[in-house]
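Which chain is which? They are A, B and C, in the order written, and residues in each are numbered from 1.
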Amino acid sequence: MQNLSFKQISSGIIVLILLILFPFAFPKPFPQHVMILVFMFGMTGVAWNIMGGYAGMFSFGQVAFFGIGAYTSSFLLITYHINPWLGLVVGGLIAALVGAAIGYPCSNLRGHYFAIASIAFGEIVRTHFNNWKLIGAAEGMTLPMLSESFKNFMFHSSKLPYYYIILAFLILSLGVCHFVATSKMGYYFRAIKESHDVAKVLGIHVVAYRLIAIMISAFLTAMAGTFYAQYVLYLDPESVLILPISVQIVLIAMLGGASSVMGPVIGAAILMPVSEITRVLLGHKGTGVDMMIYGALITLISVYQPKGVWGLFSNIGKRAK
Amino acid sequence: MPDQLIQQIVNGLLIGFIYSLIAIGLTLIWGVMNIVNFAHGDFLMLGMFTSFWLYTLYGLDPLFSIPICAAFLFISGLLIYRFIVSKVMKGPVLAQLVVTFGVSIFLANLAVFLWTPDFRLIEKPLLHGTWEIGSIKLSVPKFVATIGSVVVSFFVLLFLKKTKTGKAILATEMDREAALLMGINTERINSVSFALGSALVGVAGAFLSMYYYIYPQVGGTFGLIAFCVVALGGFGSIEGAFLAGIIVGLAQTLGGFFIDPAYKFAIVFFIYLVTVWIRPQGLLGW
Amino acid sequence: MKKTPFLEVDRVTKRFGGLLANDRIDFTVEEGEIVSIIGPNGAGKSTLFNCVTGFYRPNSGKISFMGQEMTHYRADQICKMGVARTFQIVQIISDMIALDNVVTGALLRFNKIRPAVEKAEEVLRFTGLIEKKGLLPTELTIADKKRLEVSMALATQPRLLMLDESMAGLTRVELREMIDLIKKIREIGITLVVVEHVMEAVMEISDRVIVLNSGKKIMEGTPQQVVVNREVIQAYLGEKYHVVSP
């Protein structure tokens, strides 16, 4: 784990410039929408990676954090007219606390057991939100149409501001992930991922570090949730809290390469356009063909390239100079 | 005891035994190869649809299509193991988790593609109607399905304890390395277990189809419930799965009765969480 | 004035269901010693290790280190106090290179990566693995893996190092290297408690030997005393000594 090389920084800057210019090269809403999804899901993938790829807690329940973020900021906005940026922070904190509360009793769970617990967690949250009148239950919540402004975190005439905001969020997440990966925390997470015994014998407080990983992951995922709410302006449990979204998040991280900082972004960059395009071309008739392709894709990737795209180039970082 | 409560207990037992059968299939797969089959619920769905189409197209009552469902799902399980699952067994855990999700999504949507998302029902199975015992209503198809599940569970247990292959499966479950050293072909045991587990859940699907709505997404919730049952019973324990199925069935109906019907599944998931917190090895697991 | 023992194990008992794995085990270790714990398989040696280092909770008894009681401390707390250990089955991080493994250990005492890397390299030089610092564990021999595990433990800067069968599976040459390493470790001031089956090594390195059998301590003394003790010989009757073949 080293600091970024000159080559990495310069290629990063080039990519960033390209992404900044992208909406001008492609001024139509659809490509911008696809890229917004790429950034948003990329962000959730990066967040997943912190607890999954690095710390070994494979969560299939990230939607719970996504939903908590989205619903918290939206509820505060609708009911108490609290600014969504503030709501974003509150949503993140609540998600982190809930994550820690659930994570603590699950501290000894690993692998498949943890995965199922995370599914159970996600499903409990979904069921609860589906029946919770305060936040609209199954009917969901509609966000009020406020005047367009950065302060209101709402834009109507163009997708551009959303594009740049979520890109900034993504860069923030990547920064957090990079910091985690190259710090003491990163080493400790990877030790925990290998085995709790190895971690303990090196003096690592396993429970505490697991909770930290969960809380960081939850906060970032909730941020993405708030963004989603402000972008789509409508929330209901069936769109925001369902298991397939959690699976998609895992898939993005896996496809790009779990346990690499940029992996999930690559995964999102591949998966989101593919799934959007197949949905538009094949999905609207409700035949299920688009999802069959998606399912087949997941299966093939798991079998033939489980280390993801990054895994193709992965042997770079392993050897010391 | 108020009649409503008895009714819920009866309902809980009825669905519980079917959960037991579904879970036995899943725990077999888990116990032998340490893989969570997220597509297990979708095999249930395939069993249900097989039974449905045999009934609709050929007039075959679900009771009689059980052997066909078993055979069909056995072969499907074998193929899926051979061509997909076996290939991830040596790879990263993450791939093992995700691959059966992929199969699950594929199968559920294949069903949508082939048969549309519409809900289907077998209107008039051979054994139909409702018995009334006092003010307790007992649906005959449900009762038949439940009895059938118990009988099949019993035969599975017999198979595992008395036949050579069955004992080999149990041995591999208990200690894979030791089984290998004893000359057991653990790779073959893997395929047989996966196929057998799939066949069992297919049979459970045939039983369920006697009274339950049949639709492509039906596997989802049943699959998740099956995990909770397996966890409660103890991963790998057949008797545990049997016992836990009943408990979960009762928890579902009684929980729904006392708390809120909408939360009945949330209660089941909560049971999973409590089980892994307090007693990770489940009731009868090792 | 009675000097506080470095490590004090006071009537430690550990039960698993009906099995009494450790039955009122009682001994002390002085600073600077090398103490070996021997006994037939199933005697309770690893259980004892696990009780002392916080991986098992003893049912009764007391464990103190440098005068501080640590009986129910977590394993990571015990490591922070200065007690490090290795395992019978080598525990290392398989997707990190050797250097990073040791850095993870060194990070116990540092918060920044760079000083931890410096410490890790220093340790690898000490244990003779510096040439292989960039290799993955899969590329290491079993002897090197054991040395890596020892390096990781040393990186946590322990006062007491407990080694669990570090000689198992080694060739004659590798055995000599491990013995020399253990002596080097003592020379820099680390006290050692070692579980071993390889009697040649035990005889050579130990100041004292403690013998366990069926959960009880049956004898304690110098290597020479232990080797001729009738009870000890009977405990091993039917068990071949580990003789390293040339």
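The rule is short, and it goes like this: a contact is a pair of C-beta atoms (placed from the backbone, for glycine too) under 8 Å apart; a residue touches a chain by one contact, two chains touch by 3 or more.
Every value quoted in this text rests on a predicted model; they were computed, and no experiment measured them.
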| item | value |
| --- | --- |
| Chain contact graph, described as a line, ring, star, complete graph or other shape | line |
| Core chain by centroid distance, with centroids computed from Cα atoms only | A |
| Chain whose average C-alpha position is farthest from chain B's own | C |
| Distance from the mean Cα position of chain B to that of chain A, given in whole angstrom | 32 |
| CA centroid of chain B to CA centroid of chain C, Å | 48 |
| Between chain C and chain A, distance of the C-alpha-averaged centres to the nearest whole Å | 43 |
| Residues of chain A engaged with two or more neighbouring chains | none |
| Residues of chain C whose C-beta touches two or more other chains | none |
| Residues within chain B bordering two or more other chains | none |
| Chain A residues within the chain B interface of the complex | 52, 58, 60, 102, 105-106, 108-109, 111-113, 115-117, 119-121, 123-124, 127-128, 130-131, 243-244, 247, 250-251, 254, 258, 286-289, 291-292, 294-303, 306-307 |
| In the complex, chain C residues that touch chain A | 53-55, 74-76, 79-80, 84-87, 91-97, 99-100, 103-105, 107-108, 110-113, 116, 133-134, 136, 152-153, 156 |
| Chain C contact footprint on chain A (complex, rising order) | 1, 182-184, 187-188, 190-191, 194-195, 197-206, 259, 318-321 |
| Chain A-touching residues of chain B, taken from the complex the two chains share | 34-36, 84, 87-88, 91-99, 101-113, 117, 216, 220, 224, 227-228, 231, 260, 262-263, 265-266, 269-270, 272-273, 276-277, 280 |
